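Quick one: the structure is below, and I'll ask about it shortly.
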Amino acid sequence: MYSFLNDYSESAHERLLDALIRTNREQTAAYGEDKYCEEARGYLRTLIGDPYAAVHFLMGGTQTNLTLIAAALRPHQGVIAAATGHIALHESGAIEACGHKVLTVPMYAGKLSAADVEAVFEAHYNDINLEHTVQPAMVYISHPGEYGTLYTFDELTVLRRICDRFDAYLYLDGARLGCALTAAADVTAADIHRLTDAFYFGGTKQGALYGEALVIRDASLKRDFRYIQKQKGAMLAKGQGLGIQFAELFRDGLYLELARHANTMAARLSEGLTALGIPLYVPTETNQVFAILPDAFMSKLKDRWKWTVWERCDETRSVLRFCTSWATPAEMIEAFLADIKANQ
Amino acid sequence: MYSFLNDYSESAHERLLDALIRTNREQTAAYGEDKYCEEARGYLRTLIGDPYAAVHFLMGGTQTNLTLIAAALRPHQGVIAAATGHIALHESGAIEACGHKVLTVPMYAGKLSAADVEAVFEAHYNDINLEHTVQPAMVYISHPGEYGTLYTFDELTVLRRICDRFDAYLYLDGARLGCALTAAADVTAADIHRLTDAFYFGGTKQGALYGEALVIRDASLKRDFRYIQKQKGAMLAKGQGLGIQFAELFRDGLYLELARHANTMAARLSEGLTALGIPLYVPTETNQVFAILPDAFMSKLKDRWKWTVWERCDETRSVLRFCTSWATPAEMIEAFLADIKANQ
Amino acid sequence: MYSFLNDYSESAHERLLDALIRTNREQTAAYGEDKYCEEARGYLRTLIGDPYAAVHFLMGGTQTNLTLIAAALRPHQGVIAAATGHIALHESGAIEACGHKVLTVPMYAGKLSAADVEAVFEAHYNDINLEHTVQPAMVYISHPGEYGTLYTFDELTVLRRICDRFDAYLYLDGARLGCALTAAADVTAADIHRLTDAFYFGGTKQGALYGEALVIRDASLKRDFRYIQKQKGAMLAKGQGLGIQFAELFRDGLYLELARHANTMAARLSEGLTALGIPLYVPTETNQVFAILPDAFMSKLKDRWKWTVWERCDETRSVLRFCTSWATPAEMIEAFLADIKANQ
Amino acid sequence: MYSFLNDYSESAHERLLDALIRTNREQTAAYGEDKYCEEARGYLRTLIGDPYAAVHFLMGGTQTNLTLIAAALRPHQGVIAAATGHIALHESGAIEACGHKVLTVPMYAGKLSAADVEAVFEAHYNDINLEHTVQPAMVYISHPGEYGTLYTFDELTVLRRICDRFDAYLYLDGARLGCALTAAADVTAADIHRLTDAFYFGGTKQGALYGEALVIRDASLKRDFRYIQKQKGAMLAKGQGLGIQFAELFRDGLYLELARHANTMAARLSEGLTALGIPLYVPTETNQVFAILPDAFMSKLKDRWKWTVWERCDETRSVLRFCTSWATPAEMIEAFLADIKANQ
């Protein structure tokens, strides 16, 4: 049985665990103020080209999202997101539990459209009773998005301009940011930093045991962030574990290397599926493959392979998601393709 | 330079990291539903003698406290704690951020008194305008408490009785529970489970890289807990990391062994200090030593040793805290005592 | 200039103000425990046929909604409402500020459909990762709805059955409940009480100076409600002002009489418009008339009459809302119709 | 039976009710944007000498406090108040329900001391782990305080200076502000406005049927306040009822006149009690009289008079509170004193 369910089935890349072993009995400062966190911060600041960026290490994606959003918004403000966005759908109301409405717009292949976002702002500020409705004050995007697709440099630039016009934050959820940065995209980490107010380099889905590296450019968001981090239970006492992992990931490019591997595996799987005449639901840009498969197929292979049924397509077919990762062996892709072929 | 600042300066016991390495490329279920979490749950349920206990793994103490309390209380309810309790003082208002008041009572050597607790309940229910004040609905205690001291079986029983009388929860913060269970105390893990509605086995301060094991006995608290856990960002995607560690800690007694070591080191340090004529502020029951030392002492040794200045004692002396841990080498205790002696 | 903007432009019916004058210097108990509140409670309990109903007086609709919902839901629970529902759109995120997501479904002529509601519950409980999404635990409806339309007895019964099946509350916003009860509907106040867990008799839009009477049937919602009411700033010190008004409204049928007048005025306006060939957007069931009018019309009459532009219809026409009330003079309806005719 | 329980037992001064009757069928704008609210705002701005002050009308004290504080603080910030302050003790955790901790300091005759307040700020900013504790960001005072006592101009000035030093808000709860302004104090309404960031003129306890007038000087607090007001259910649809009352109260000095009457009655009662040898607990500065009386007294008079038992004094005596108001008849004071005399 092999699983393409997600990119967090395996624990962590060996180099990270080795680094933890190696530094195991060192005494370090607590709460993210140790030398390893500082080292990792240095690598990230170099990568994005901003020595003044604030970098905080948190444990998971939902936690990072809710902490940053709680730190950013006043009580009457909400955040615009795709209706299928992680904060809108898959965080058990974490944002609402912090007091804020998620204002949803339609999603197109995993991305939101600038026109829709602008319309939300305009509808609000044109409302004669605007104080009776939630004030949009942040735009939340995922890059890659829910379907593994990517924003272009121009798309990000337009969103930035809209946010500037309406005095709103632009926040980018980078749970799989490595996969975005190593894809055939025209957006660099430095671009993302310059065009957003905050974003994070996901660790959990990119080979770390746990951890996300939140990067803040906006001065007002930087202020007092650590209070909110502590308040939300998002400041690990043993912060060194985060620093050690992120230092290892970013010292010499391991982060991008692992992400590139995941992308390569997904590209190979996509090619193989296409060669077998299986249509893709959206073009594969990063490490998630969405393919349209007959239900009959599912029953034949389901004892040997795991995937996610994303949605029904029609009476006899579904969209399935196959997720590759830093740990996916190339031979598993080939074996899977061979198994499909044998059962077609 | 050696630090007695806290018990989370070092990463994790080698056996835990080895187990992580060993299982590294296994694919497991996510969000705490993997086989290692299930294995660890089994050990804990056996230890406390309740096959029906709910066991959830979270990442840190503040997170565990706020998640459990948010799950337990209705909006108008508050939690009684010592004025120096962790939730009252050191969590950046985490409980209030979940909407709940912390109702404080005095602390006596790190513990709250049943009489004070009862008085809070009685004052509330005797108030003619009781709806104008926060309804006490939970009692929060730490075991060991802020000064490393322990509740006796009788003390816990009385608190339980008070909580029953006023239909309130009793919740025990066990950040250092191993140290309590291996001290010269008359309270077992099974007792604690039976006498409280929820408590946790702390991992972070007892040798784990991260993680706490929350145990819930009360049926209403069990219900839907995982929703709240997810909402608070407290459900790790790679839950297997928690399961692997806790399975290792509880499979064959490692948890207690590590805690016992910390206690032994603290006992030796206490004996040594006493032999040198240095008074203890409170008797040492677990792994924290509170000693009264002249400020002159501090200036002589502060370049070689680290400790926490807990509070001023008088014009020339302070209460210092020395924290031992699973990782404290016996020779460091002796070296420290020798250094004190040499500088007296 | 005469306004059909809403039903709260005038202060209050004279009988209510006279009653306030009459009782002005009486000393009464505070916080809703005075004899007038008790008297009003008696009338309401008789009307709904339940001597054990809890009746609380609050000041406004948003306040009543947020207080009841905060009292009802646990942190991970949300409330299902029409996307155009008051709590979803016009309360500045009041429900989210209490920590809860509003789960929206489409609206059909101001009402939500049982099928949509059921689908929300089913989607949630069929989700393999249900704890990652907000648990629907209440259905919120307005009666009359946003378009002045009414639920039938059968429709309410089906919603009740769905709520029972999924252990959820059914809550009815009765801001204009008098208009519903006096319309050609088959639902009585007693029916509403029996079929919902809580609902309110709106005062503000039905002739009171301020105030809503919240009625609770469900035992768990009754418990400790006054704490939440106080906490939300929703317990008026001078509760007698609410009691005096509601006693006056319900002692001898004034509430229904005023509502009937509003309905009659709306019916007459609807007839008149229809006779003039102006189409209604939805049939008029209560005191709100939605008509489709050319923009040219608006520019001719806008200096003498006020209305609300509800939404654009097409290039040249809009849906306008004309709201009648307890205070609308019959002659104003006629004068308005005459003015339209003269300008057609 | 006559009650000295509080100053909100009677409804409202006749002139206010007459004004409501007089304007009853006028159609006005909603949500506090009517001409009467505007008129009242003008009077208040003149009184405090600031044409740019923001003035908002809310319904009650708890509501005003929670709305202003929610608008002011970021999630990690708390408000310093006397341990007996209204927000600390008598609002059912309203501030915590908005997410904020109330940081308490001792109370001295109803007032907090500048030294205590300063100590809270200093302790926070000197804490090496300051992010682990709640950041004090506002000082809340009542004027008059819980014992009817008043801050002097110098005391307010010192508090202002402390707040400036630590970048914190100073907020003054003026539930009985009229009584403060007409007492033998050296603080004017203009002083209060200049020295605080926000404060309110209480209406409920000063002769209005309901309503408080919140005045905001600080620019950041002014911004978007109406959103928060709406969100908290604190924006009355029929705002004209508030405007009409406050216009009447402040057009020609009625507010101060009513407050002066309450003070005069309290002064007369205090003199009378003193003449009868009954000691006052604190000197009477405004409309609340705190006297020390034997319990035997209470049993003799309790069928004819009502008061509040504030606290036990010793085995045989209690501190009783007698509250006078705009409605207290002079003859009731005399009758009460005569009754005491007759029963001594």
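First chain written, first letter: the chains are A, B, C and D, and each begins at residue 1.
Note that in this section contacts are C-beta pairs under 8 Å (C-beta built on N, C-alpha and C of every residue); 3 or more make two chains touch, one makes a residue touch a chain.
Since we're looking at a predicted model, the values are computed, not measured.
Trainee: Please state whether A-D or C-D has more C-beta contact pairs across its interface.
Mentor: Looking at contacts between chains, C-D has the larger number.
Trainee: Considering only mean CA positions as chain centres, point out the chain farthest from subunit C.
Mentor: It is B.
Trainee: Roughly how far is subunit A from subunit C, going centre to centre by Cα mean, in whole Å?
Mentor: Each chain reduced to its C-alpha mean, subunit A and subunit C end up 42 Å apart.
Trainee: Taking the mean of the CA coordinates per chain, how far is subunit B from subunit C in Å?
Mentor: 50
Trainee: Between subunit A and subunit D, what's the gap in Å when you average each chain's C-alpha atoms?
Mentor: Computed value for the inter-centroid distance: 50 Å.
Trainee: In whole angstrom, what separates the CA-based centres of subunit C and subunit D?
Mentor: Between these chains, centre-to-centre, one finds 33 Å.
Trainee: Among the residues of subunit B, which ones contact at least 2 other chains?
Mentor: Residues 75-76, 91-93, 97, 99, 129, 131-132, 227-228, 230-231, 235 of subunit B each touch two or more of the other chains.
Trainee: With touch defined as at the start, can you tell me which subunit B residues reach subunit A in the complex?
Mentor: Within the complex, subunit B contacts subunit A at residues 2-3, 5-6, 8-12, 14, 17-18, 20-21, 23-28, 30, 59-67, 91-94, 97, 204-205, 209-210, 227-228, 230-238, 240-241, 244, 327.
Trainee: What does subunit C use to touch subunit B in their complex?
Mentor: 31, 70-71, 74-76, 98-99, 129, 131-132, 135, 224, 226-231, 235
Trainee: Quick check: in the complex, which residue numbers of subunit C touch subunit A?
Mentor: 75-76, 78, 89-93, 96-97, 99-102, 129, 131-134
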